[in-house]
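What follows is chain A paired twice: with chain B in the first complex and chain C in the second.
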Partner chain A sequence: MTASKPLLDVRGLSIRVAGAARPLVDDVSFSLDAGETLCIVGESGCGKSLTALALMGLLEGTPLRIDGGTAEFQETDLLSAPQATLRALRGDRIAMIFQEPMTSLNPALKIGDQIAEAVCEHRDVSREAGRARALEMLKRVRIPAAESRLDEYPYQLSGGMRQRVMIAMALANDPALLIADEPTTALDVTIQAQILDLMRNLGRETGAAQIMITHDLGVVAEMADKVAVMYAGRIVEAGTVTQIFDDPQHPYTLGLMSSMPSLAGRSERLVTIPGTVPSPLDMPVGCRFAPRCPFADAACEAPPQLVDLEAGHRVACWHAPIEQAEPTPAWRETA
Partner chain B sequence: MLAFLARRVFIAIPTVILISLFVFSLQHLLPGDPILVMAGEERDPEVIAALREKYRLNDPIPVQYLAWAGNALQGDLGISLRTQQPVLELIAEKLPVTIQLAVMALAIAILIGIPAGVLSAYKKGTWIDWVANITALSGLSVPNFWLGIMLILLVSVKLGWLPASGYMPLSEDPLQSIRTMLMPAFVLGTAIAATLMRHTRSAMLSVLKSDYVRTARAKGLRESVVLIKHALRNALVPVVTVITLLFGELLAGAVLTEQIFTIPGFGKLVVDAVFNRDYAVVQAIVLCTGIAFILMNILADAAYRVLNPRMSEQ
Partner chain C sequence: MNAPILQARGLMRHFITNKPLFGAPSIVQAVNGVDFEIIEGETFAIVGESGCGKSTLARLLSHLIEASEGSVIYDGREISGLTGAELRDLRREMQFIFQDPFSSLNPRMTVGALIGEPLRIHKIGTPAERRAKVAELLRKVGLRPEHADRYPHEFSGGQRQRIGIARALATGPRIVIGDEPVSALDVSIQAQVVNILEDLKDEFGLTLIIIAHDLAVIRHVADRVAVMYLGEIVELGEAAEVFAAPAHPYTEALLSAIPIPATGARKVQTKIEGDPPNPISPPSGCRFHTRCTYVQDICRTERPQLRDMDQGRRVACHFADNMSLEGIRTDNQARPPAVARRFARYSAARASMTANTESAKLEKEE
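Now for the complex of A and B:
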């Protein structure tokens, strides 16, 4: 742990649909140092994208409300700052890449203009300078024949190329933090590797910290310094990438790990986690993973807190460390 | 773009021929005989026969069509049975009036309808949205003639701001011409504004939910830029269709409004021609209106290509 202030410090973030009884994102806390990459992992609907949108101040105009918490980023609380302040930060200090490159670019505007626009909005520069920066960024994201691409429209580019344009746009103002929401999910596998490679290299070059949201543990292993595992709106385990992969402590993390195919254990059948994610309308009061957990017992009816197992490794489970826990007999039979 | 326009004009030719066939057959389908109208009260058989010969009404119908279409191509649309004026002259006289009225009405409609649609979509569910919707509904529900009369009473009779009626050609006194046209253009424009507002609103609502609008916000762009440059530009595509269709309708003339404000436009010409069975004039007007609609459609396609770069590639 560094003694200096983290770049981003999120504490107790909760998000709920206006008027709903239970929050969709519940008491989420994590921090991120400059230049670090944090991966937030979880199944769809676990609240990871909502967390990202909340940090960007992009929940405005949706029925979702930030219900509590703070997110300190360079002396600003992203959760309570007025929209004008957030707008000045967005696209400048904090940038975001989305999942769908096919629909995330404006179909009616040339890509050079879409990148230059982000530059001109935040920097006091001429249109020519903005265009020059756009060209430079297209070259940095390794788009071939960048010069001629400036005046092309999104439909003339493939999905992978469009995602490169999104990355170029996001990094155009040298942000301190880049949030990427499943940036490779919609792409072909070979393109995925290229995009991840590009993001890792650019992260290193620019020193931008990254929050990468994904459901893909392969991406996590590739990119992460730190990992936060989310389940049904809560962080259930967080730690360094080594801690999470070598010593997973939450039963859900264990389940995720064993549901990943590996080349070494080819003969074994893939393990799935039984049951489904609880609906936000019907959340268990205690541990939200309990209904699907092989270790669940009476203790799990109270909500577990995230506790430090070792430096930086936090787990929200009554049975941690898991080595000492026994699967319950009833679960063994049904599984 | 030029090649595209040329192709579209070429494709429109069969449509124009169809319209001309329809227009021509119209007079034979309509009841009533113009010669009887012309011959007057006495209905002297000799006069009637002479008139029939003069207007070649005894020829077989296909021959009549070819003669008519051939003349039309040369700009000769015949002679008005009623005023004995060349039809082309009549139309050339009325067309600028109607075009001016249509352009002004459309300008008013666009200036009101599109901003109102954008605003009510952006402020969906708030009192602004409600006010815009109720105003639009009233705009659609209030009959033009009533609104016209009320405006004359208020603006002309009570306040004396604008002339109640009359027409001044644009070339003679532009300011006065615009002043006389302002009220009728407003009457026509408000009804169209309501339609435009509804279309803009629904197009904006779906565009505002799109990913690229979220991207624009994530870039930190000002809301005005997000709304106009990113959202409205894409939302305009369906609205442009509506605009061109409405403009086509305006060119066909607005009978009631022209009547109330005594504007010598197309609408009045149509009514007079129909009541007097002035076939040549009716035919020419229907033909002109049909061609105007075709031109508007070509214009709409051209506008699509400007708004949606993807279409210009194909």
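Now for the complex of A and C:
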């Protein structure tokens, strides 16, 4: 691990609906160094977006409350800082890209003006300088004929182009941290590949750290230095991209990888994870994966901690490494 | 080789899109001259980018919409000429599964009524027989007979898609067409539904036509695959062959764009640049020429025909004979032995969780 302080250090982040019995996001911790890309991966509803929104201070106006934890970013705790501080950071030091660019682009404003506005909001520069920066950024995200695009409206662009504009706007103020929530999920695979190329290259050029949220393990393998696998509001496994793909430990990670059809060949039946994700109202008290886990036993009725299996590789499972675990004999009886 | 159960001949369909403020209305040639046949009992997949005409083609094949030109031949008969009893037979024998398990089921009908509806429409069986059939279908898709009295909103996405499958199977169809049947589902649920589809196909000897944009799913289920680009089929062949050694530059580009979930597979640079062209004014000649890395002058002017190659492969590219394109490499995806053993252990443990347990848990979680 690096000796210097990480760029972002999240510890024990919990989020819950005001008054709810159990948190939706529970005790999430991770850290990120400058220039690193962390992928948060997990299935729908596991808390990926809430985690990102909490870091951006965007839970305001929802019934959701931060229930504990700290997120230290350049001397500021993002979880307790006043809104004014967060507003100054957002779009400047920290930028965000969402899945559907149409929801974050203003449909009534030319794209050049939108990017210029984002610059002028945080920098003491003239409109002309803002516009020049907009042009520079559009070129940087490789939008063809950038000059003429400056005066177009979002609806005139394809989905892939809009996502490029979003990236241009997000990077216009040279943020230290870019949070991208499923930036390519709505796009075709050919366009996705282009956007991923772009994000990887820009990450390298600008040195911005990235948190990339996705449910696609393929995207993780393409992009991540580090990976956090979430299940039902908790991180169940975290490590370097190599640790996660070449040495997956948690039964959920194994199940997820087994569920994916392989491009390499027509295997027999897919090995599935039985059942469905628990509802937030009916979350198991112990390991949240236990009802679907083939290794669960009485020990799993207590919540497992995320512990270091080896340097940087953390797993929350009572039975990791599962080489030593027995499949649950109790399955038949509990049925 | 079985006889073709379904044939498309010079199939075309255009749409008139919204009239602009001024000028003539624009026309989209959504399916532009498509020919192929589907063999009884096979799984035939259609892939391609958004807007390339996959859904339109599926709707044409199942007679949900009329062709502008060309014909669809089912079991030797042209479907546009069918009337009365023959048309009812077609409706019974060809069923559709939709993408969205949330909007495709009427929320005010019970699951039992939804699955039994096609039986009622086709006047199959007595009410008691229909109830028994519904119970049997529910079991077949991994749900329980008691679920018949519940409403769709009480089920998860994967379970709703199973209800949609049960409904499609009710009339004992010969062909089932799935338009993105698993695309809206999470990986773990998608795998459950893919397994069910494969089991049912084997059990009933169905012919399955599957549209999906997830190429890994297609690789897993399909016997043959047709790759579409802007309303045309550019390549068609055995799925294993097409994935291993594509013969059309677009197929190569599509395969190269798939992010592969393994370390060591990270791509240096994508092989395809640019956006798909506007379908209202498709490029001249080969429609792929604006994005093709191998483009030559002839491609800009002459439309390549879908030509027969070896092993039943068909390709629409002027240079298909003398190009060697890159498919999916599989040699870099092997797991280290220790990890392979761990997966085997998961798989064995998973298998020992009985089917009973599984539905009991499903029950509990609703």
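Just so we're on the same page, the second predicted complex is superposed on the first by the 326 of 335 C-alpha atoms of A that agree within 3 Å, B and C clash if a C-alpha of one lies under 4 Å from a C-alpha of the other, contacts with A are read in each partner's own complex, and residues count from 1 in each chain.
The rule is short, and it goes like this: contacts are C-beta pairs under 8 Å (C-beta built on N, C-alpha and C of every residue); 3 or more make two chains touch, one makes a residue touch a chain.
All figures in this text were calculated on a predicted structure; none of them were measured in a lab.
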Next on the checklist: By the touch definition at the top of the document, which applies to A:217: first (chain B), second (chain C), both, or neither?
Outcome noted: second
Checklist entry - Touching A:274, do we find chain B (first), chain C (second), both, or neither? => result second
Next on the checklist: Tell me the contact category for A:132 with respect to chain B and chain C: first, second, both or neither.
Outcome noted: neither
Checklist entry - After superposition on the shared chain, which partner residues are touched by A:299: those of chain B (first), chain C (second), both, or neither? => result neither
Checklist entry - Touching A:192, do we find chain B (first), chain C (second), both, or neither? => result second
Next on the checklist: So in the superposed three-chain picture, is A:258 touching just chain B, just chain C, both, or none of them (first/second/both/neither)?
Outcome noted: second
Checklist entry - So, A:283: does it touch chain B (first), chain C (second), both, or neither? => result neither
Next on the checklist: Output check: A:88 vs chain B and chain C. Expected answer is one of first, second, both, neither. What do you get?
Outcome noted: first
Next on the checklist: Under the stated touch criterion, name the partner, chain B or chain C, that contacts more residues in chain A.
Outcome noted: C
Checklist entry - Between chain B and chain C, which residues of chain A are contacted by each of them? => result none
Item to check | chain B residues within the chain A interface of the complex | outcome: 208, 210-212, 214-222, 225, 229-230, 233-234, 307-310, 313
Checklist entry - Once bound in the complex, which stretches of chain A touch chain C? => result 43-44, 144, 158, 160-161, 188-194, 196-197, 215-222, 241-242, 245-248, 251, 254-267, 269-279, 282, 291-292, 294-295, 321-323, 327-328, 331-332, 334-335
Next on the checklist: For a test of understanding, state which residues of chain C touch chain A in their complex under the given definition.
Outcome noted: 49-50, 156, 158-159, 186-192, 194-195, 198, 213, 215-217, 219-221, 239-240, 243, 253-254, 256-263, 265-267, 269-270, 272-276, 328, 330, 333, 335-336, 339, 341-343, 345-350, 352-354, 356-358, 360-362, 364-365
Checklist entry - Which part of chain A faces chain B closely enough to touch in the complex? => result 56, 58, 61, 87-92, 95-96, 98, 100, 103-110, 117-118, 121-122, 153, 155-156, 166, 169
